[in-house]
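Listed next: structures, encoded as structure tokens.
You will see subunit A twice below: alongside subunit B first, and alongside subunit C after that.
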Partner chain A sequence: MTTQAFFIGFFGLAAVWFGVVVFRTHSMMRSALALLFSQTALGAMFLGMQAEFLGVLQIMMMATEMSIMAIFMVMFMMDPGGLGEMEMTHQKRLSLVAGFVAFTGAAAVAVLFDWGPVVSVAPDAAQQTADLGLELLGRSMLIFETAGITILTAMIAATAVAILPIEAKTTTNEY
Partner chain B sequence: MSIELILALMTGAALFGVGIYGALSQTNLVMIMMGVELILAGAMVNLLAFWRYLHPDVAAGQMFVLIIMTVMALEMAVGFGVAIARFRAKGSVEMEEARELKG
Partner chain C sequence: MTSLLIILLLLAGAYLVAVLEAWIANGRLRFATPVLAGIAMLGRESIVPRQPDRIFFETAPVLLLISAILGAMVLPLTPDLITTDLATGALFINAALVYVLVALLMAGWGPDGAYAMIGGWRFLGQLIAYAMLIVMPITAVAMRAESLLTTQIVVSQAGLWNIVYQPLGFGLFFVAAMALAFLPPFDLATANSELASGVEAEYSGVRLAVFRLARLTLVMTLAAATVVFYLGGWQGPWLPPWAWSGLKILAVTAAMLLAGRLMPRIREADLMAWGWMLGIPLALLNIFLVGVLVLVWP
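Moving on to the complex of A and B:
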């Protein structure tokens, strides 16, 4: 087994394990932190796969995203520390079966399908970033621009949904 | 066949399965969003593995990973917008209580 395979396996296992912990703990803070560790392990796995730019981006983005998620968790939950050990699941058996079937199906395809010849050498980091930039501003420009517009639309929509309506502001003194 | 590719695809499959379980089993909106994040993470791992081990010379694979990251951020933004609206209206983000979408 190569060093690369070891790191991919190690960080992959860590990502899956922390993903499982997200749904096994009663504490919302621990859930958010477990998801953060899971996504960070994925970032490290990307680095192991020689995708330096995306690995670093993944770690930076997910650290920010999960910190915000943890704050929202504390704001929304009745018992963010999980001391009351509230049951927050339903249709557990169906969910387990669906999750297992999804994993088995995807794993079977991964193992049984013939993926063809594997390329062992990846372009160096600088070349990758240059290629990605050219791709984003060249052939995939339309997709990239659509993603930008979609982000802007989602930001405006999310803010519009979240802010208090004007009539509610004028009738209550709470806000 | 490359052991690295298989390891990466198995990781993606496992994250996808765990995410499906989380999204279906949780009653809290934020926890459901965490499940969806894991599903998207599984897809992201697969895309990067395909880029790295099958087509490292085509940057479109990396571009699709960027798009998935964008979708993850969008899901968070819209999800939290809905969560805030729901919390303000009903004082809870439990989805068991949100069967009737009457506002």
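Moving on to the complex of A and C:
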């Protein structure tokens, strides 16, 4: 139990530290990968909490997502290598307030919400995976599918916006 | 103890891959060459390029090696010879091997070299093409086994191997595995002739040795994964289980290396187009077919 608590705490601190590194560095690439390792540490926390499927899934998904984010940050930021010491933070007062409100809200929910009785022994990982599958394709199917279709729609819309209109491509040389 | 044994086996496997690769590439079967080349590499100066991103530069080869080894940890060579039989094994191997991409991005960005960087970003594009073709065929394999346990996946093939049960999935996985290991014709990240070795370009000496070893281990891990998912793992008549695993893994490795030898390097845009316009529909069809098959003929 203490070992478990130690590892959860350790990876929690690692997640926070890498989160801080995201803004301390000037390099877009370091920033993106620091965010990746912050998320990986969260995945490791899930593993520490014996939620194997969630942990492995988090560790897998984030690697691809953050790598893809890295290329967009490098493409669109004016100083991707960080050689010009670009300022990584902006709208500081708003960010401070938003961060404080979000943290207080999350902490309040964690402390004040009645979570019901805590299971003393976590079910084994195979059982958890089966339960999760039944949950996703049963009671939570509507939420799950709605989220999936929303993301798919956003992806198609983003691609459509990114493609040059056909008439512009064929008629003018303005681009 | 099992972990140590598996790591030693991976090392031996990496050596055999190196021998095979040289044999297939230039037709000379020499058993001492990889060892001598390795020793020579260790003896050379390991140059650090000007103004590198030092953390990425140093981490990349090690991360690549760790990723390949972690992937192998959930693959059973015999019913008992497996480091950890995770309940999410078939998912875990994906999670481990995604960090191949992270390692190559680091190796691309780290040394502050144009060729390396192009190689690294190319591999990101390559991932967009192959990633779904790794995950979706594994989904169909797990559907048949009704489990993500890799040992259970092998056991589920007792009657009929998955290569016969779902040949479409096997074909897709095999090609995608080659792309993941950036073997020719998918060696866009390292492309000798156009990028002067790409992500490997700025590495030398001991760092290059680790990088090469990691790549060979990765090929081994992927061949083992193909055997576990599609070729019935340790199963086979007469010979003991470990021998069957070993033989099959070597055969798959040889097939991968040979297939790459016979084809010209693919273009990035073609890879992407084939991956998305041909590969993913086929993978979905495979999932559908296996779904129907599992219901009528488990």
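We adopt the following convention: the second predicted complex is superposed on the first by the 145 of 175 C-alpha atoms of A that agree within 3 Å, B and C clash if a C-alpha of one lies under 4 Å from a C-alpha of the other, contacts with A are read in each partner's own complex, and residues count from 1 in each chain.
To be clear about the criterion, contacts are C-beta pairs under 8 Å (C-beta built on N, C-alpha and C of every residue); 3 or more make two chains touch, one makes a residue touch a chain.
Bear in mind that the values here come from a model prediction, so they are computed numbers and not experimental data.
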| item | value |
| --- | --- |
| Which of subunit B and subunit C A:Ile68 touches, first, second, both or neither | both |
| Per-residue touch tally on subunit A - higher for subunit B or for subunit C | B |
| Touched partner set for A:Val161, first subunit B, second subunit C, both or neither | first |
| Partner chain(s) touched by A:Asp124 [first = subunit B, second = subunit C, both, neither] | second |
| First (subunit B), second (subunit C), both or neither touched by A:Met29 | second |
| Which superposed partner A:Leu57 touches (first subunit B, second subunit C, both, neither) | both |
| Contacts of A:His90 with subunit B and subunit C, given as first, second, both or neither | first |
| Residues of subunit A contacting subunit B in one complex and subunit C in the other | 53, 57, 68, 128 |
| Subunit B residues within the subunit A interface of the complex | 1-22, 24-31, 33-35, 37-38, 41-42, 44-45, 48-49, 51-57, 59-60, 62-63, 65-67, 69-70, 72-74, 76-78, 80-85, 87-88, 92-94, 96 |
| Residues on subunit A engaged by subunit C in the complex (per definition of touch) | 27, 29-30, 33, 36, 52-53, 56-57, 59-60, 63-64, 67-68, 70-71, 124-126, 128-129 |
| Residue ranges of subunit A touching subunit B (in the complex, touch as defined) | 1-2, 4-5, 8-9, 12-13, 15-16, 19-20, 22-23, 28, 31-32, 35, 38-39, 42, 45-46, 49-51, 53-54, 57-58, 61, 65, 68-69, 72-73, 76-78, 88-92, 94-96, 98-100, 102-104, 106-107, 110-111, 114-116, 118-123, 128, 131-132, 134-136, 139-140, 143-144, 147, 150-151, 154-155, 157-162, 164 |
| Interfacial residue positions of subunit C with respect to subunit A in the complex | 53, 55-56, 86-88, 91-92, 94-95, 98-99, 101-102, 105-106, 109, 121, 124, 127-128, 131, 147-149 |
